[in-house]
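The structures considered in this document are given below.
Note that subunit A is present in both complexes that follow, paired respectively with subunit B and with subunit C.
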Partner chain A sequence: MNGVFYLAWRYLVWHRWKSLTLTAAITLVMFLPAALQVLIDQTALQLGARADQTPLMIGAKGSPLELTLNSLYLQSSPPASLPYGEMDVIRQQGLAAPIPLYVRFKSRNAAIVGTSLAYFDYRQLSVASGRMMAVLGEAVIGAKLARTRNLSVGDYVLSSPESAFDIAGVYPLKMPVVGILAPAYSADDDAIFVDVKTTWVIEGLGHGHQDLAGPEAVRAILKKDGDNIVANASVVEFNEITDANRDSFHFHGDNSQRPLTAIIPVARDDKSAVILAGRYQARDDDVQLISPSRVMNELIATIFTVRQYVVAALSLIAVATGLVVVLVFMLSLRLRQNEMKTLRSIGGGRWQLAMLAGAEIILVVAIAVLLAALLTWSTERWGTPLVQALIVS
Partner chain B sequence: MIVRLCLYLSVIACLTACEGKGEGGENQLGVASQTPTVVAVNYPLTYMAEQIAGDLLNVEFPVNADVDPAYWQPDVTQVVAVQQAELIFLNGAAYAQWIEKVSLPEEKLINTSAGFSDLLLPLERVATHTHGIAGEHTHADLAFTTWLDLQQAKLQAMAIYDALVGLLPEREAQLTANLAVLDQDFESLDQRWLVIGPRLAAEGVIFSHPVYQYWQRRYQVAGSSLHWEPDVEPEASEWRALDQPLQQKTIRWMVWEAEPLPVLRTELAARGIESLILPPVANRPTAGDMMTILNDATRELETKLQLY
Partner chain C sequence: MSGLPVPLVDAVDLSFAYDLDRFRLQLPSLVIEESETVAIVGPSGCGKTTLLHLITGILQPQSGQLQVLGSAVSAMTDDQARDFRLQNIGMVFQSFELLDYLNVLDNILLPVRIGRAVSLSGAIRKRAGLLAEQMGIGDKLSRPIGRLSQGERQRVAVARALLLRPPLLLADEPTGNLDPANKDKVLSLLLDYAEQEKSGLITVTHDSTLLDRFSRVLDFSTLNQAEVAA
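Now for the complex of A and B:
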């Protein structure tokens, strides 16, 4: 028996290119459906887990998927904004504690998440080094971002302009890193967290500048009309909030009209959640309440539908590949007729020759199965984050 | 065997003692962590919380005595300490603007004037400025000494009471009894001010600083406000600003936030104006408390107005 496998192995090694091609074809036919299954299952599990942690989400009317991806995975383009005053509307109903989210700005490719301290409790995020943000302009960053950018407490992150051509727009804000979060193995690991008021400063809704009534601002004053001071654009506006200039920072307009991209209502109990959902369904203004898990389930169902088509296509390819493999082996046997005659001449029986051909097939398929299993395991280990990043971006 | 047992018991006793010490340690506001701590942004709210809570809570007021709480700016350590509080009582009406510049747990913020936000008064004189794309804007626009209208103070006390009942539901009876006493104090003083107000207005009154808007509205004390400080001698232009209305109407009283300089009393007396003191008690007094200070000041007003 060993001799049969030895001869088969030597044959395969001698015809290594033919053997490699056959093995690769069979490996791919087995690996692709398995990998697809693994990727979809894991992506569904991860996407669903974060959505399940966030039963309700409130945002402006628009795409629920965009709202979910922006608010949960901190990745997609920002949805339409809703007014901060909606926080009071939720509070007054006494059914849920609202957590604000303003995920619009970035520092290079990292999302700047404007929120409140309640977000960290809600997501069970703890500070691994440094402390939680305390004053306007301070930032707390995710563990992965700190590692990839080599940032530590005391370093700075800079907000990126929304458009390279917005030369008359808002200055980038330089924010000190006061804390680094412990790894959460979620989208929070890649984000920069600031108070929601800091994101309004980034947007230009609040700013700090030199005292217009002071002597240092004389050259910037166009006119004084009673208590109204009109200054030109040369007024020095601060692009970093420090202890020295924090007092000069102020916000314009009505607080309740400042923008948010979403609100997470943390319902007091299941009954409160149902009542809240019902009240938002009855509203006919520009605000919507969504269930992120339902949105993600729809997305995952779409992915599953696509998977069925892909699996069907792969099955056809597998059948075709199987036929080609059979053909290759049959042609191979025909080409090896002289070799078979020689083996029979030196005493090889019909049964032994059949075993030899079978051993070759078994070896090729066994190697292909091993390779496919190894590739599937690698996909399970490293492929999911890559595909997830592709999906959410 | 007995020695080993004694050793084990000693170790357990030490660990228990250490654990107990940890629980009874001090939090960042410098108070025992076993008792819940609440924070207020000015002294009147601190006083109300103290009166309602009694010894059930630590009521912290982190502002130094020599600083006006309305314009206090905390450092990072103080903000981190305030973040640990169970509740943070805000005055509302844009008071304590440092709140806008710090990160505090929103679910712990209690705006005590939210119940009468539609009754808040705009400031008469507000500096506005225009630059850049933001257009014309102002930095503060509401009168904020809300507690000088004692009916409003009662509403603020009620907001504090509601929050404290939410925090200590099992102590509702005690909190309710304490609130009733405080309400009675406010009501009593309110009645006396309702008598004083119209009398002052009839004799002619001017205010040294624009902090009495709610007191004027509630107790019907019409009168303009200057921007004078009791410890600063006014410039000649400021004296002229006072003399102008004097030519048109009689002003017999000037209400100050604190005892004015002797020279101010003298100069005003020469113009036929007598100084009265009604402290807003925004910060913790060096002696007494909110009610003793206001009761003493009221007795002084009543004496001078010969209301006894």
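Now for the complex of A and C:
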């Protein structure tokens, strides 16, 4: 190592705590704005990618952001519901194939997504083990959820009550896991997928109970009027849909009035998408069609505005840190006047002494730059899973 | 070169002042011959250390001529004086002036690390080790300065001064901080080196018990004409 750089290095090593403090301060000043930039870019990319994948979304009128977050990222409280009959409206127009979504219930923290098999094709989700759901009550779960809860095919997931204090509310439904999806690195990895009718069963809109025509139900029957039988609360209701009781499950009321939180209209082509959007714009009822990517772009623009303020604040901190670092070096040089005098006496020139002081600054800044670059690279490299974890969970 | 012996120091009408003329040094004539060992004595503030700094070229006289080992130090640029110092003069300081962030070996090698005129070679490293052995600190080469005794520190300072085999040794009260036993050891080291290498030795000292070991003693209070006039 060059003479002055060697001496500078020995000095920095000897005064290691001072050197470490200075290096850490400079590193942070450089790393924080860079990391912020990287994380915000990755967040924008993550948020934007899924939104871009879903050009159109239909839901009840209300907050487009809430609708997007619920339907795309399977989080936030459920938006107002729209009737299942809207599926037929879309089909009849012949412009798009509708995919139903009912994202209201949870199993602990995992969203239960009521949908159809078309959703899996649309999101390009494949089963890694087991099979796709085939009948009422079966569940397919995301890869991350299976890993974190240690679930495999043949295990069960239980829907959570919406409120622990509402005894008349939704009863837990026990659902067998028939398939585990391959990792998709999206919100789907943390979700439980069931047929949309299963979510209606969870809600209590459909149910199964013991056969009221059988002899064991005689004491429960209050009134019999032809096929219409009225029974009391002692009738056993099933909280698990099995092969034995599946036939007993039935729905009351009009199918077209059952709730959905959103419909993804998969347009035939761009022209159909534009026509569909125009028709929904012209409608004057409680249904809206939104563009999730536009909604997310607005959200991202807000994040970028916040970033500018943060970067401005960090720049001021950087200037202050720079001044403190200069002050520390100047004070250090002042304290080392005797040392400089000695070095001069034994053959050090003014230029060498200036180089010695400069070498210390260069070494500290160079190490800080390297560390900041390494940290920024790490953020870029491993920031994506972090962002995914933050966004998805 | 004429082949005639070159004086270690040859000063003529040397004049230097600082601190708004509060301190003045005036030497009409001073010659120190080759291989002389000289002790400079005198009261504090009479200009002994200033003379050493003029000889090294760290300070430049306002007037007069000063030749050291045949070179006109008084006419040298800062860079020339630095290279001259590095190659020809070994300095020993009263307070050792060792760097606490370097170990013993690096302190001995300091003139080479900080100077540009000589590069750090294997031979120089070997000489540093040899000097340390001679000084009795050969087993402490990697030890930090803070873990040495006063006597050991002074020996490191002497080894550093002798590293590049300087033809002239300057010592500014080299025994001032030492106990009698170490005082004797350090002075013996310097005098033995001067004798072996036929080098000159100029030592500033306040210790009158050491004076009979030098070939010449200069009382600076009588040499500095400015002091005499005052």
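Following the convention adopted for this analysis, the second predicted complex is superposed on the first by the 374 of 393 C-alpha atoms of A that agree within 3 Å, B and C clash if a C-alpha of one lies under 4 Å from a C-alpha of the other, contacts with A are read in each partner's own complex, and residues count from 1 in each chain.
We adopt the following convention: contacts are C-beta pairs under 8 Å (C-beta built on N, C-alpha and C of every residue); 3 or more make two chains touch, one makes a residue touch a chain.
Here the structure is a predicted model, which means the values were calculated and not measured.
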Touched partner set for A:97, first subunit B, second subunit C, both or neither: first
Touching partner for A:6 - first (subunit B), second (subunit C), both, neither: second
Which of subunit B and subunit C A:352 touches, first, second, both or neither: second
Which superposed partner A:131 touches (first subunit B, second subunit C, both, neither): first
Touching partner for A:343 - first (subunit B), second (subunit C), both, neither: second
Greater residue coverage of subunit A in the superposed arrangement, subunit B or subunit C: B
Subunit B versus subunit C as contact partner of A:204, first or second or both or neither: first
First (subunit B), second (subunit C), both or neither touched by A:270: neither
Common interface residues of subunit A - those touching subunit B in one complex and subunit C in the other: none
Contacting residues of subunit A [partner subunit B, same complex]: 87, 97, 100, 116-118, 131-136, 138, 195, 197, 204, 207, 209, 212-213, 220, 227-233, 235, 237, 243, 246-247, 249-253
Partner subunit A, residues of subunit C touching it in the complex: 53, 56, 58, 78-79, 82-83, 85-86, 91, 93, 97, 99-102, 106, 110-117, 120, 160
Subunit A to subunit C touching residues, read off their complex: 3-4, 6-7, 10-11, 13-15, 338-339, 341-350, 352, 356
Interface residues, subunit B side, partner subunit A - complex: 73, 75-76, 79-80, 83, 97, 100-107, 125-137, 139
